[in-house]
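Labels for the chains are A, B, C and D, by order of writing; each one numbers its residues from 1.
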Amino acid sequence: MEVGFLGLGIMGKAMAMNLLSNGFKVTVWNRTLSKCEELVEHGASVGETPAAVVKKCKYTIAMLSDPPAAISVVFGNDGVLEQMCDGKGYIDMSTVDADTSSKISKAITEVGGRFLEAPVSGSKKPAEDGQLIILAAGEKALYEEMLTAFSVLGKKDFFLGEVGNGAKMKLIVNMIMGSTMNAFSEGLALAGRTGLSPETLIDVLGLGAVGNPMIMMKGPTMLKSNYSPAFPLKHQQKDMRLALALGEENALAMPVAAAANEAFIRAKSLGLGDQDFSAVYEAVKAEGLKQ
Amino acid sequence: MEVGFLGLGIMGKAMAMNLLSNGFKVTVWNRTLSKCEELVEHGASVGETPAAVVKKCKYTIAMLSDPPAAISVVFGNDGVLEQMCDGKGYIDMSTVDADTSSKISKAITEVGGRFLEAPVSGSKKPAEDGQLIILAAGEKALYEEMLTAFSVLGKKDFFLGEVGNGAKMKLIVNMIMGSTMNAFSEGLALAGRTGLSPETLIDVLGLGAVGNPMIMMKGPTMLKSNYSPAFPLKHQQKDMRLALALGEENALAMPVAAAANEAFIRAKSLGLGDQDFSAVYEAVKAEGLKQ
Amino acid sequence: MEVGFLGLGIMGKAMAMNLLSNGFKVTVWNRTLSKCEELVEHGASVGETPAAVVKKCKYTIAMLSDPPAAISVVFGNDGVLEQMCDGKGYIDMSTVDADTSSKISKAITEVGGRFLEAPVSGSKKPAEDGQLIILAAGEKALYEEMLTAFSVLGKKDFFLGEVGNGAKMKLIVNMIMGSTMNAFSEGLALAGRTGLSPETLIDVLGLGAVGNPMIMMKGPTMLKSNYSPAFPLKHQQKDMRLALALGEENALAMPVAAAANEAFIRAKSLGLGDQDFSAVYEAVKAEGLKQ
Amino acid sequence: MEVGFLGLGIMGKAMAMNLLSNGFKVTVWNRTLSKCEELVEHGASVGETPAAVVKKCKYTIAMLSDPPAAISVVFGNDGVLEQMCDGKGYIDMSTVDADTSSKISKAITEVGGRFLEAPVSGSKKPAEDGQLIILAAGEKALYEEMLTAFSVLGKKDFFLGEVGNGAKMKLIVNMIMGSTMNAFSEGLALAGRTGLSPETLIDVLGLGAVGNPMIMMKGPTMLKSNYSPAFPLKHQQKDMRLALALGEENALAMPVAAAANEAFIRAKSLGLGDQDFSAVYEAVKAEGLKQ
């Protein structure tokens, strides 16, 4: 199978490499073209521009850093739209909001192209190991044609229906994560206040029904006040706000998420916005330290 | 090693059987003595009364149904106290509150006895498989002498310090569980409202950082509105209240747990108190159904 | 003093009448010109278009129904901007958001005009009686020149600084109102649940430190489930959301307002969005009625 | 009319004086008997013990400092119970909890006496001016016989039904007060954060529907960080907790009060428990000051 691949950042490079080593013919492009060299050594071809890649390939996958980059690659000079046409497929695996995704989808399909959004859950290591979780939405037939590629890139993929649903699913998962982080932080702080060992609480949780990878991974670093950002607190808070807005649109009251959102805002007011989202623990426990 | 064992309910019987099959000499007692027969077939001796068991054994383990039963076995006629004396150890593995545990501890130690509270996490199956989690607190030396027995009964044990800490640790774990259940329920309801598949949300969660056994086990039954009670909602709400009171005593604000507690109270007002605690999902999602 | 007056709805008509009866020379305009007749009988002149009014008068007051109307009167054909110029003042007393107000302000001042936003608190009766509360912001000198008019229209006026502050002040007042309504509703519901008379609670509150006009006016109608909309619940909820967003921008956690907002959202899900905002009482108390 | 009066603290002395100057014959008792002198100068008789007062008078009013004092005067040596008998009435106007009130009621009525609880709202000044608010509950006929006295002591009285209802009514009023104080504090803090004048916000509120005596009286002192305790924050928080417990018993979710309660707990953790309850404002606004 032959695919184009736009964007060779940490994630994109790992993914393209996986495709190559599984027998795919891959034509790559990156804003900084020199980043293509390592891929070429492993058998990739290079496209000079996004348009050139789309012209050459029936399927083009994009893995860009953020919504502006995703927009620019499609609508800019020498962009995807210039060569998009009947029968060609565009699969955007970048993490973008539902509006950005819809805008790209509309432009692609208006010129006869086919579109799939497919944001992933997982970071560098799962990307290298082909263990991503793929949240696809858009054209069902295109999704099915991409299954061979998805099975190389991820351990599991989902087809979620219409464009925008991939973004919404990520938002809901992140909301649950933010509320759960607060639940855990309050418990951890209460253990500390009552003279129990927070480390032991983590151990006990790990053996029972509420233990999860987040608690087992973040718990020990939280106890060391190590908040090196894997997912910045300000982004977590923004996702809480967007999820609450989604609830409001659908007249769904979510009082626990609302309380968690205010805790993240309090953490931001303490200057923790650029730290890892687990730093909300400081906002929970530090309240007794001020006098 | 020789131990007494008081209480042969679902949990106690499984635990006593485990001790027998691992070479312990066990003298059992149960309020309904006929329940001892099966154990006798596997080699157990029988004590006519709690006092008789204590008289015979250096170590006596109790696994009673609730605080009144735990109190009665110690303080009642022919009770533990009548034969408790210097050097004998009493290990109460029943789930009781910190106050009950302290009362028993005081009485035992005043007559020269040694005391350990050791509530467990886990139900019938883990009890049979020797896979309980044991939260011990009280006399450290007695804890160490009991490790051989604990290694047969549980997959993991913890020593948590002074009497009462076992009960507190369980309370904190349950508080985190209650808040997490609300976080999950809100996400599940939001998925439903926005046209995403709640089943898929559970699958996605199961593959990621917030997935945990509670979500994977309860999620599918919640979607079927099956709330056959493993842990009744009214008990979960009571534990939330007790944990919030513990926070108040220690001047720790826990706004997320407070919001979760109110959600459980709302669920109780909908007549769901005797259902499983996961029935809070009905209170979260049903709000749009009334008109 | 001579002023132009744009917009003769319920509020505007009462205000223009007040100005006339206090000796002001007033040139009025209304989208439906026939509405000007009553004012003419009392001595008003008529302008054919907003532009014509501005051309004739040094000061023009606007009292339009909503942001689109406020925008249209300024930017539309024969609109205010066509005749706005050096030295002329435009005083917008319509209730609009900060963004709309800023947009109008920018356009007016770019062509040399002077601008004041002056939303009011109070409805028909206070408008007729000259008892409005005026929240002015923008050009200080223009504010001072308008004091004669404001003293006729209102019982009290405030100058709040830069454009947008009038809108923000209204938002904060409404947020406090929304949270207070929830506080009151919960108390009212608790009285009912515990067998106390909610009517008596209102009487007791009215005699004490937390009694206020809202409680005394809305309380009795709430007990009759009469929610004829003075201020629709969906608008109250929108203002809560906007106030919470303002808090988020400024890193201020407001957990009580967040909980109140979710209660209004729950009320919306019960189909109460178009009722008076006091209908949140139904969402608070009705929870026990479903079984 | 002749009445006994037990307790001549700040409140009791003012109330007894009012009765005297309105033509009542009053027999007073106080733990420190010398405090009776001033009353004697104005025409009062003195009883040596509570029992002596009850023996002499058909109606005895008590105004003690707290629940233990109220209990002691009734059950202690030479206490009320020793002379209580058929036809005599005991009116306890002390502020006590529902349980204490019920205990006293039971003891009085068991010996044939008649009982009324009648806690008051209002402090020193209203007591002196006969402007208290009286929340009576218990025997209706006794209430009616006391109306002449109540009309001298208060500006308004209420009969609330069975014993305990007076205490409950006070609790609900205090809960509304606590939530409202939080609503106001969040608004005040938001005004400050967004560059609006908090003083002006208070002025605007005072002119509108949510203005109340609490805001107008406490607002200005809060802005000066003056929290000289009229009603200590820790007592306010305790009342919030008791009101939430009352809600829980009646399966009424009160999420706004729950959020307010957590804010008071946070304020306690900042060392503000002995300050006025309005000091919760510090907990709300100070969150941005730590960095």
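One rule holds for everything that comes next: a contact is a pair of C-beta atoms (placed from the backbone, for glycine too) under 8 Å apart; a residue touches a chain by one contact, two chains touch by 3 or more.
All figures in this text were calculated on a predicted structure; none of them were measured in a lab.
Asks: Since chain B and chain D are copies that touch, is their contact same (over half of the numbers shared) or different (under half)?
Replies: At the contact between chain B and chain D, which are copies of one sequence, the residues are largely the same (over half shared).
Asks: Could you tell me which of A-C, B-D or C-D has an interface matching A-B, in the sense that over half of the contact pairs are shared by residue number?
Replies: That would be C-D, since it shares over half of the contact pairs of A-B.
Asks: I'd like to verify one number: the distance from the centre of chain C to the centre of chain D, where each centre is the average of its C-alpha atoms, in whole angstrom.
Replies: Measuring from centre to centre gives 39 Å for this pair.
Asks: Centroid of chain A to centroid of chain C, CA atoms only: how many Å?
Replies: 43
Asks: State, to the nearest whole Å, the distance from the C-alpha centre of chain B to the C-alpha centre of chain C.
Replies: 57
Asks: Going by the touch rule set out above, which residues of chain B reach two or more other chains?
Replies: Residues 247, 251-255, 258-259, 262-263, 266, 269, 287-288.
Asks: Along chain C, where are the residues that touch chain A in the complex?
Replies: On the chain C side, the touching residues are 237, 241, 245, 247-248, 251-255, 258-259, 261-263, 265-266, 268-269.
Asks: Per the contact definition, I'd like the list of chain C residues that touch chain D in the complex.
Replies: 121, 133, 135, 155-156, 158, 160-161, 165, 168-169, 172-173, 175-177, 179-180, 182-184, 186-187, 189-191, 193-197, 200-201, 203-205, 207-214, 217, 243, 246-247, 250-260, 262-263, 284-285, 287-288
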